[in-house]
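Following are the structures in question.
Two complexes follow with chain A in common, the first pairing it with chain B and the second with chain C.
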Partner chain A sequence: MTVSGEFIAFLALALVAIIGGVLLLNLKKVVHMVVALVFTFLSIAGIYVLLSAEFLAVVQILVYSGAISIIMLFGIMLTKHNDEDEGDSKGGGWRKAFLFLGVLAFGAVFYIGIYNLDFGSAPAALHENNPEQIGIELYSKYVIPFELMSVLLLVAFVGAIVLSRNDEKEEADKE
Partner chain B sequence: MSGVPVSAYLALALILFCIGLYGALTKKNTIIVLISIELMLNAVNINLITFSKLGMAPAITGQIFAIFVIAVAAAEVAVGIAILLSLYRNRKTVNIDDMNQLKN
Partner chain C sequence: MDLETLLSYEWSLMGPEFIIVIASVILTLLDLFLPKKFNRRMLGWFAFVAVLAAIVSLLGLLDNQVGSILHDTFRLDSFAKAFKLLLLVGSALVLLLAIDYEPKEGLTEYRGEFFYLFLTGLLGAMIMSSSGDLITLFVGLELLSISSYILAGLRKKNLKSNESAMKYVINGSISTAITLFGMSYLYGITGSTNLNEMSGMLRTLTDPQYTYLLGLAFFMIFVGLAFKLASVPFHMWAPDVYEGAPTPVTAFLSVVSKIAGFVILIRIMVSIFSSIPVGDGTIPMLFDLQDFIGFLAAVTMILGNVVALRQRNIKRLFAYSSIAHAGYILVAFTAMSYVMFDSIWFYMLAYVFMNLGAFAIIQLITEKEGSEDIGHFAGLYRRSPILAVTMAVFILSLAGIPGTAGFIGKLNIFLGALMVSPSHYVLASIMIATTVVSYFYYFGIMTQMFFRPAAEETKLKLPAGTNAVIIICAVATILLGVMPQLAFDFLQTNFNQFMDFMG
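Presenting the complex of A and B:
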């Protein structure tokens, strides 16, 4: 295989993504875990650029490394109970070992399935006017799911506000 | 020709999915469990976009699908954090082992 610039970029981005994931599993403090995940999300955006999905890369940076990480940090800060995430749960080390083996077996099975997969088809020209292509496809074939998605987001955010609101009236009744 | 084979992208997505799965199953803090689920969704998105470029029938549809997945993930995080906060107000804990009201 010839070492091209694309391959080097892929290796670097994949390395950063996997290191972020491993740090998520191994760091002690919860805030550090979320910051490690931000690096993973950013390098996944780079992977999207390599796969000629520029619009999705921007969306990924906006939604994941921006909104979702900040929401998670707010969640951590509002629930500051013990910011150390350590100690074993009831099952202890055996449970973790078996779960690790199970996940490893899962990964091995799927790796056997994909390791020399090659469709051999010519890649499509998705990078030319990528947002335009997405827009045309979205508004010509997927209008109904698009509108349903707006309803879903509205319902979810109104529900989130209702769920997390302090109900002063009830608390006044309680006292 | 494209420099990176399709299996490299799929292997990266597989590794990230396995990390997310292990984190979601073993971590004790509920926020970390939520964010591990986000990592798994991201791995699925990598798969979708890989197949949309290098798959059997390359088309833009995979990217459309990934946009829908991202939107649903954002809604899921909002509702999840809201449930977590209201649970924290009542139980004063974010430890996932203590959330067993439905158990008995």
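Presenting the complex of A and C:
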């Protein structure tokens, strides 16, 4: 295994992404969690750049690190919430040990599969006209799933409205 | 792509899907603009008519050859037609139930939302059944899942409903993530998302390391999709969600959503994993890993039936019973006999009728009593003999007693498991043993209905829609039990053994 600049960059980004994810689970304050999540999002964007998917990286930063984190912060600001997470999770040391072993085994099984996997030579024209290539694929070959995504978005919107609308208030207004 | 090429595709193949999309869009707009006083039940009838229209349009397409649009992102083969028919019939029956649904705390505010979210969920299931591309399959899966998450939480003032929606979302997203992880390995190795291209690529694969990775992908996808089937290891959500969700949604999840889960499982497994050579290159991977699927099928049957014995809540009981039924269908999938498609299709057809019929009666009684305890079935025979007898038909069919559709379905699966060589004797005997166990809880309901005194003697009033569902289901359950050749002839003449599944 040769140590190249790309390899070091990948290691750093992957490490930040995983640490961000672990911190998200372990931190106690909601705002800290969101910050940890932003770190994960940003480092995933970095990994996209390494894979010559610059367009995807930009979208990742715009949508995830930008929009989603901001909306989460707004949500935290606008709702009542207990800032502190109460109590520790249940389960004794054994359970945690088993969980850890399970995660370790899962990691090992996949590591064996991919550590010296050879995919042959990569296609050369990956980074050329990135958005154009995506656009052509999306609007010619994948029109049907693309249109279905719009239905999915509609469903998600309706769901968000239905589940978060405050009914009590409306009824009080009527009276 | 210009307009001319776009129009050159045979869009008429997508007729049923277009009807459902248009209907759900119209319903959305109607719900938005109609005055508050307007009875939203009319929207339900509109949705029902739309589903009927989709069935008619699908029947019109039955004679068509295999057709595909845009590189198989939409694909109409016999498999798609047969299972889409089941989905549509099931949905039409569930819609009839939903129109009559009237819980204690009321669903008046969200009745409109209910109907169009229902249609979008159905659309997701239909897209899954006729897709030859991983991307469309996944989008369909998500459309179905997200619609059902919202449907499960529609009774906003009911704590159990809130809990069930929350559990459903969390479990669902974990399982989706696992499925997607598995799919990403498939895409990484083959470099394509088209199922046909993938299986072509994989046939020539020899590198053992790729095979190892594909094996991992198999496990990931299977475990992830087990969620939709509510089979072990992802069955834990089912009892809680079934209990908390509004009854028509429970019916939808236990019938339509489950059929859709099997559809996507069969699509991916049969078209991809049966073309990967393992070992000396003679056995496909799917057969090599049969023991694993068989094990899960056995655990699912045992767990579903045994835990159901202890349930006092009728909806939880049916949740475990539906887990068990997923196990029976997995037996047919494990055996991979040449009648696999036929026996799974027939079992699901029987399951649609017997389960929805039972749910119609459950909805009627739980609504009346406001609680879901089994005790409310006591003395049903005194209060309404016809209702008790039809419920008995559905329960006998679910238990698999001769003369009902459930028996023929089970017999087919059983014979299929013994027909192949080497025969799956262990699985077949577990299936019989668990069926016997299931008699205890199914007949427990029957004892309540026929031999226990009723707590009150008031007559039950039958709404028209529920009445229709009960009659249709009872007739179909008995008819398919006495003359199963009706369904099999239909399969033979229209779908020709599902020969065009791969081609």
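In this section, the second predicted complex is superposed on the first by the 139 of 175 C-alpha atoms of A that agree within 3 Å, B and C clash if a C-alpha of one lies under 4 Å from a C-alpha of the other, contacts with A are read in each partner's own complex, and residues count from 1 in each chain.
To be clear about the criterion, a contact is a pair of C-beta atoms (placed from the backbone, for glycine too) under 8 Å apart; a residue touches a chain by one contact, two chains touch by 3 or more.
On a predicted model such as this, the values are computed, not experimentally measured, just so you know.
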{"item": "Touched partner set for A:F110, first chain B, second chain C, both or neither", "value": "both"}
{"item": "Which superposed partner A:L50 touches (first chain B, second chain C, both, neither)", "value": "first"}
{"item": "Touched partner set for A:S140, first chain B, second chain C, both or neither", "value": "second"}
{"item": "Which of chain B and chain C A:V158 touches, first, second, both or neither", "value": "second"}
{"item": "Chain B or chain C, by number of chain A residues touched", "value": "B"}
{"item": "Touching partner for A:M149 - first (chain B), second (chain C), both, neither", "value": "both"}
{"item": "Partner chain(s) touched by A:L99 [first = chain B, second = chain C, both, neither]", "value": "first"}
{"item": "Footprint overlap on chain A, comparing chain B with chain C", "value": "110, 114, 117, 119, 142, 145, 149, 152, 156, 159, 163"}
{"item": "In the complex with chain A, residue positions of chain C that touch it", "value": "1, 6, 21, 24, 28, 69-71, 73-74, 109-110, 113, 116-117, 120, 123-124, 127, 133, 135-136, 139-140, 142-143, 146-147, 149-150, 153-154, 156-157, 165, 188, 209, 212-213, 216"}
{"item": "Of all residues in chain B, those that touch chain A in their complex", "value": "2-12, 14-16, 18-23, 25-29, 31-32, 34-36, 38-39, 42, 45-46, 49-50, 52-61, 63-64, 66-68, 70-79, 81-86, 88-89, 92-95, 97"}
{"item": "Complex contact set, residues of chain A against chain B", "value": "1-2, 4-7, 10, 14, 17-18, 21-22, 24-25, 30, 33-34, 37, 40-41, 44, 47-48, 50-53, 55-56, 59-60, 63-64, 67-68, 71-72, 74-76, 78-79, 81, 85, 87, 89-90, 95-96, 99-100, 103-104, 106-107, 110-111, 114-119, 121-124, 126, 130, 133-134, 137-138, 142, 145, 149, 152-153, 156-157, 159-161, 163-164, 166"}
{"item": "Chain C-touching residues of chain A, taken from the complex the two chains share", "value": "109-110, 112-114, 117, 119, 139-145, 148-149, 151-152, 154-156, 158-159, 162-163, 167"}
